[in-house]
Amino acid sequence: MSTLFFLILFPLVVALALLVLKTDMARGVLVKAAAAVIAAGSVYLAWQYFGSNGDYFKFEGEYVTYIMMGLEIAIAGFIFVLGIKYKKYLASVLVAIQAPIMVWFELNVGHTIEVQSDLFIDKFSIIMALIIGVIGSLICVYALGYMKDFQHHHHDQKDRRPLFFFLLFLFLSAMFGIVFSNNLVWLYFFWEITTLCSFLLIGFTKTQEATNNAFRAIVMNLLGGFGFVLAIVYMGVTYQTIELNQLLAIGMMGYSVVIPAALLAFAGITKAAQMPFSSWLLGAMVAPTPVSALLHSSTMVKAGVYLIVKLAPVLGINPAGIMVMMVGGITFLLASFIAISQSNAKRVLAYSTVANLGLIVACAGIGTAAAVWAAIMLIIFHAVAKSLLFLCVGTAEHNIGSRDIEDMDGLFSRMPRVAIYMVVGICGMFLAPFGMLISKWAAMKAFVDSGNILLVMFIVFGSAATLFFWTKWLGKIMAIMARQENIESKVHTEEIFVLTTLAALTVLVCLMFPVLSAFVIVPYLTAVYATVSALAISSGNMYIMAAMLALIILLIIIGYGKTNKKIVPIYMAGVNTGDDLSYNGSIGQTVSVSLRNWYMESYFGEKKMNVIGNISTVAIMVGVFSLILGGVL
Amino acid sequence: MGLFSIGNMIIRSLFNKPATLMYPVIPRVYEEKTRGHINVDIEACVLCGICSKKCPTHAILVDRKKKEWSIARMQCIQCNCCVEYCPVNCLSMANTYTSPSTEKITDAYAKAAPEPAAKPVPEAAAPVMDAAVDVEPTV
Amino acid sequence: MMSYVTKSPWIIHYDGSSCNGCDIEVLACLTPMYDVERFGIINTGNPKHADIFLLTGSVNEQNIPVIKQIYEQMPEPKVVVAIGICATSGGIFAECYNVQGGSDKVVPVDVYVPGCAARPEAIIDGVVKGLGVLAEKRAAMVKK
Amino acid sequence: MGKRTIIPFGPQHPVLPEPIHLDLVMEDEVVVEAIPSIGFIHRGLEKLVEIKEFTEYVYVAERICGICSFMHGMGYCQSVEHGMNLTIPRRAEYLRTIWAELSRVHSHLLWLGLLADGFGFESLFMHSWRLREKILDIFEATTGGRVIFSVCKIGGVRRDVSNETLQSIIKTLVDMEAEVKELTDVFINDYTVKSRTVGVGVMSLQEAHDLGAVGPMGRASGLVQDMRLLGYAAYDDLDFAPIVETAGDSYARTVVRIREIFQSIDLIKQAVAKIPDGEVSVPVKDVPRAECFERLEQPRGEVIYYTKGIGTKFLERVRVRTPTFANIPPLLHCLKGCDLADVPILILTIDPCISCTER
Amino acid sequence: MDRLTYIIVAVAAYLILAPLAGGLLAGVDRRITARMQGRVGPPILQPFYDVFKLFEKEGITVNKVQDFYIQCFLIFIVITGCFFFAGGDLLLIIFTLTLASIFLIVAAFSSNSPYAQIGAERELLQMMAYEPMVLITAIGFYLVYGTFNISDVVAGGGPAIVYLPGIFIGFVYILTIKLRKSPFDLSMSHHGHQELVKGLTTEFSGKTLALIEIAHWYENIFLMGFVYLFFAWSAPWSPILAVLICCIIYFLEIFIDNNEARVKWQLAINTSWIAAATLGFVNMLVLYFIVF
Amino acid sequence: MYENSIIGIEPANLMKEAQKLKDEGYRIVQICANKVNGFELSYSFDREHDMKTLRMIIAEEDEVMSISHIFFPAFLYENEMKDLFGIKITNLVLDFNGNLYKLAQKTPWNPQN
């Protein structure tokens, strides 16, 4: 248990220390050291509890609950004031409703309930802890170099990096809290801290846009938090428990837990930025890139899907399950479509995150062991590949001055290493034999087995769209452009280190796929579901996939870039000026060729798709909740 | 509206004999009027040079000293102009074309034996050429 | 050594500054009456795939670089067939102010096909003649 | 730069039998701007008139273009003849009309094939050109050339065609009419073909008028303009009405040309029925001393021949305003907002003859 | 014959026979196409001549990496076919095929050349158009036989076509895209004339182009294998029937190729998706009623 | 048969006359330049098969206003004249700046230019 506490508290301590450290040097040392410690801690945790199938810990000391309550009230007050100050009254109204309910509950019901275990750890938590501990801290290290550039670009502004790093480590701390908490009140506390941190990080640049987006994020997350509060209150009142494992146990015994499950899932859906709440995550793009990476890969949204995946056993063919799977399915399909119409790399990544989370959510909604297997796999691969991609885009942005995919022309010649890592990340996101694709494969099979044809249609069409937008980006990077200057030496060593590590991790995780499945996920599922039917993908096929990856690596080593052929200019209808970049055009001009990808706005326009998605998901949610409430009343 | 509108035609073509002429396996028979290449009856030629002068592409050369009439085959456009202007009808248009070649060929025809009688004719023709437009032989 | 270059000559056609009579006849060669695909000939439209360059029309200031570029982009072994009188000598346009002469001023021509316009039969004969040159060039390439 | 793709289209491009170049600016595949560049075939043959005698210049005029070759020769001769007030024999005028209409059939069939090729309909292309060969055979039998006829001359025509041959021409045309009908029905009815032509490159009547569209390009937009109505050659004796469609899209242009094929066949039948016997040429005794604008209807539209004689055997000026030249502004209009895949179709629907345009 | 022996024999047979059969199929295709167009057409062995000739050409390339991608394209197409004929997992096969196609696309992208790039973009669009239907086809088999394993599918109790008529029609529809036949030969055409010059393959020449051609032969045989699946079951004479039907389907594709204009991408993606969303959906719906 | 009606005008009146024809529903069908002493320019207009030609003679160094603002298609003819004769045409809608035809010899119809 001490490791758990260490992982929750150590980042907090580091965070506070960073708040006071003002020099680059000291900050650098501390962040690197702390990141190493946290990563080592999470690895140690994994080693320590590797054999366990779920350990639960009781924490003696009521005072913690009161400290939390006090902090919650303080946070609520802080948000309330900010809401008034920036004239975003909706946020203020939401905290004004939610905080009193929570306080009332704590004081009247909460303390009467005997909590068996506040903290727990199982294989899923370990995976999450590893993701947070390793990827999260890598992102913090990356942020060092990045924020140096950032400050350089915004030199007219006050150096607010202490606050920035404080928030990053606070975030990690809260995330550890989320994945280790069994007590829903604790979980809720950490949940709200992530909400607050994301709010502050999104609004970090203090521009009008950033402020607006920050408030949009907090309003949506508070809405989810409200659902969370209602779930706790309902559970406390109805089942006399506020423990997650109890809820699951009750549900799996056959009693109906649809109401709390639906409410918690709703909270998860908001946090996981599912439609109709996807807009906050898109808005979060205004924050510096490490924040995006953090939000998308290892924290925040992962908290949302983590909660839903935890709930998976009580979802399935019931209103809550159907709501979750349909919302996830629709989000996956439409977000994939929207990603086609985007050229801003970060927005593409954001929509791809939303889509993948949709897939995870849908898997969780199906709730079978095979589906959860796919969901967890998706979480792992998504975290690694997505953080890599975000950081690559961040580096590219700082060096080529744009985050637009169309400005990444010839990146392969200009920044070969970054480009290769980006390629690894992209391949990791959608291509066989990388993990993401295998997980998608499993998800598809789970969908088919679930008997929901609509979901099957969503995934087949969504996959096609995924293929399209990733490959066109891939192609843009892989284009070999003549006469490009290599500008890679300008990249900070921290950044390169982190990118290299993440890229290596992406490949490694894919190669380790069968092992991961056999020794981590299957035992977890066995513990949760008691019986695990045949897996979606036979282990033979997993080995084939791993072998294919090895083959690709081998081929690259043997043959990549080796040719003794004569290099000739490209075909340009006979008017190539000779430099492969321009041609003799009309009116006697020399015209530069410009090759751009397709965006098909008229088909997959953001606005149109969002309207469809929001209306349909809202309709589903309203329908499900009125069905549940109708059943109760 | 139809999806296989040309279906009939292509199925018919599939089972019928192709329209191909099978050249060069089966040699092409040309029309009588086909303009292929210029033939010269060099013995009848009086080396007057009108053809050379009238030829739009200057393909024909008449060398009176060497008593030679030559045509650059790769410059002839088969316009039939020389044939029409020839005062002694020694030129004719054959209906087979000149074969492609790797060189720009020029065919020269030398008169076998000098014929003194032929000499005055070009001089007689010369003033005609200088006249504005009245050289308009009928077909 | 048996060479397949003669069994599958792919052509590219470019119209210099002709009256397009020869161009139409080149196209006519592809159509049912003449059907040069019997000899494996395909009109590729892409210099990088082509073995035989069919050039019609004379050359002028503006198309000289284009013709040169198309020729340079063709992989060895390659053959140039100049089709029609304009391509061989400039023809009736030889005296025009914007005509620089036959295509041999720009690229090495291997076969000249006479005619104004060149007949499809002549074009077929010309390409067949070009195949011989192609085989020779291929043999020379192997020797190297 | 945003999402704009800029690529060269031509001069060497497989869909273009003749070189023309466009700078295409596109978003996705939608053309937002197309800047043309011509001049790859410019020879400057109008200036040859200074060194070629006016009778000899016919050979040059014929070679302005290999498809409308005959009508160029005819237009030049007519212009000079009018300038000289030379009346040519009626039989020659009829023969010119027959050849002109045969040229139109041949040109339209050729165009249909190219259009089919432009949208990747190989078999349609092949069959169109297969039928076209029959017309070429007629040309070869009557004039001695498949492409360049060399039959027009100042004062008439250089070769007569026997009445039996004329009858056999009619027979050939009647025989092929059914097959041409079958073929052209594909253009009119086929779903995929229509998906490529209907609504592509729409030009309204007003635009067609203002942009100077001529020939089928204008007639497809409802512009009633057909120079044959002026009654040159034997057209004053023949009964016909210009073929006009109103939709103004590529489909309408296709339909206009298809209907013109049958109209031409009908005109040839009429002409053969009415052709008088007699001489086919008159001797030319004079030199041109006047200027004359002569307007003819070529397959591609109106051609204007301007000749100016100054009393020597060399004309002072010959100018040819070819139909494609006039149709370039309409083309530019149509190209805006089309798809990349439509670019070949649109270039083809004006039935471009670049060697005419640039001379 | 035990399973391992079968796999070895099947893979070896595919490796050796597929290019022969594929090339021959291409030759017959060209011949029949020519005859439909009223021409004589090339010799049946012409595709082989073409490929041999391409191997004799000078090696040129526009950058140092495109050949590598094309080699990978060929390798993974071959692997796909091997998996298929060894009786592997259908989804695995589809994903491997996708991987192979991505290599081709990336090869075109890497050249950074106008027409190759647009060709790649269109190829990608076509993949997006056919991918749903291909996946639905695999899912259809799964719903009928309860397995994605081809070896179990062909050993099934009855021909899949009985259960999957809608999916079969949908598959034949997108097969037109895969075989690069009109009306869907958008990204590259076997015929010369199209707005993209040679589209995807514009920058490839000589040996590299030959590899693409060979890869297509392998791919076409593999695709015919897909058609075969619909008509194969445990009955001993079913292979003969299935092969016969493959021939008929291929002929049908040639017929379609010669009957249609090349449509624009909008129509290609609209109709393919509609086909997948209706034929596939309805067929699956019916199957669910049978299965569940 | 129709008549060629050639109407002589003063160069200064070109725009006015062109506008008048435009208002009457004419459209431009061709512009022809001819080098005499100076340049002889003929602008031909058409309305339902009726052709009118405006004829004016200018000195070599004279500038001519483009009528492409009145008749858009005129820009092609005017660019051509500019390229081949070196006539100074101003105010073109789309000016190729001598690049309509890329010529080996500048203004071949007017060699001394």
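The chains carry the letters A, B, C, D, E and F, assigned in the order they are written, with residues numbered from 1 in each.
One rule holds in what follows: a residue touches a chain if its C-beta (ideal position, glycine included) is under 8 Å from a C-beta of that chain, and two chains touch if they have at least 3 such contacts.
Note that this is a predicted model, so its numbers are computed, not measured.
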Chains in contact with subunit C and with subunit F: which ones?
A, D
Where the centre of all protein Cα atoms falls, which chain's Cα centre is nearest to that point?
E
Please flag the chain sitting at the greatest distance from subunit F, going by CA centroids.
A
By count of C-beta pairs in contact, the leading pair of chains:
A-E
Going by average Cα coordinates, which chain is farthest removed from subunit C?
A
If you average the Cα atoms of subunit D and of subunit F to get two centres, how far apart are those centres in Å?
24
If you average the Cα atoms of subunit D and of subunit E to get two centres, how far apart are those centres in Å?
43
Can you give the whole-Å distance between the Cα centres of subunit E and subunit F?
59
Could you work out how far the Cα centre of subunit A sits from that of subunit F, in whole Å?
68
Please set out, as single numbers or ranges, the residues of subunit C touching at least two other chains.
14, 31-33, 35, 38, 43-48, 60, 62, 66, 70, 91-92, 97-98, 116, 119
Residues within subunit D bordering two or more other chains
5, 7-8, 11-15, 29, 37, 39, 42, 44, 47, 59-60, 63, 123-124, 126-127, 130, 133, 145, 148, 190, 192-193, 358
Going by the touch rule set out above, which residues of subunit B reach two or more other chains?
3, 5-6, 10, 13, 18-20, 56, 77-79
Touching pairs among all chains present in the structure
A-C, A-D, A-E, A-F, B-C, B-D, B-E, C-D, C-E, C-F, D-E, D-F
Going by the contact rule at the top, pick out the subunit B residues touching subunit D in the complex.
1-3, 5-6, 8-10, 13, 19, 30-31, 33-35, 54, 56, 77-81, 84, 93, 95, 132-134, 136, 138-139
Mind pulling up the subunit F residues that touch subunit D in the complex?
1-2, 4, 6, 27-30, 32, 34, 42, 44, 48-49, 51, 53, 71-73, 75-76, 84, 99-103, 108-109
Contacting residues of subunit D [partner subunit A, same complex]:
1-13, 21-23, 27-29, 35-37
In the complex formed with subunit C, which residues of subunit B make contact?
18-21, 23-24, 28, 37, 56-58, 72-79, 97-104
Can you name the residues of subunit D that touch subunit B in the complex?
52-56, 59-60, 63, 123-124, 127, 130, 133, 140-145, 148, 150, 155, 158-160, 179, 182-183, 185-186, 189-194, 280-281, 283-287, 312-313
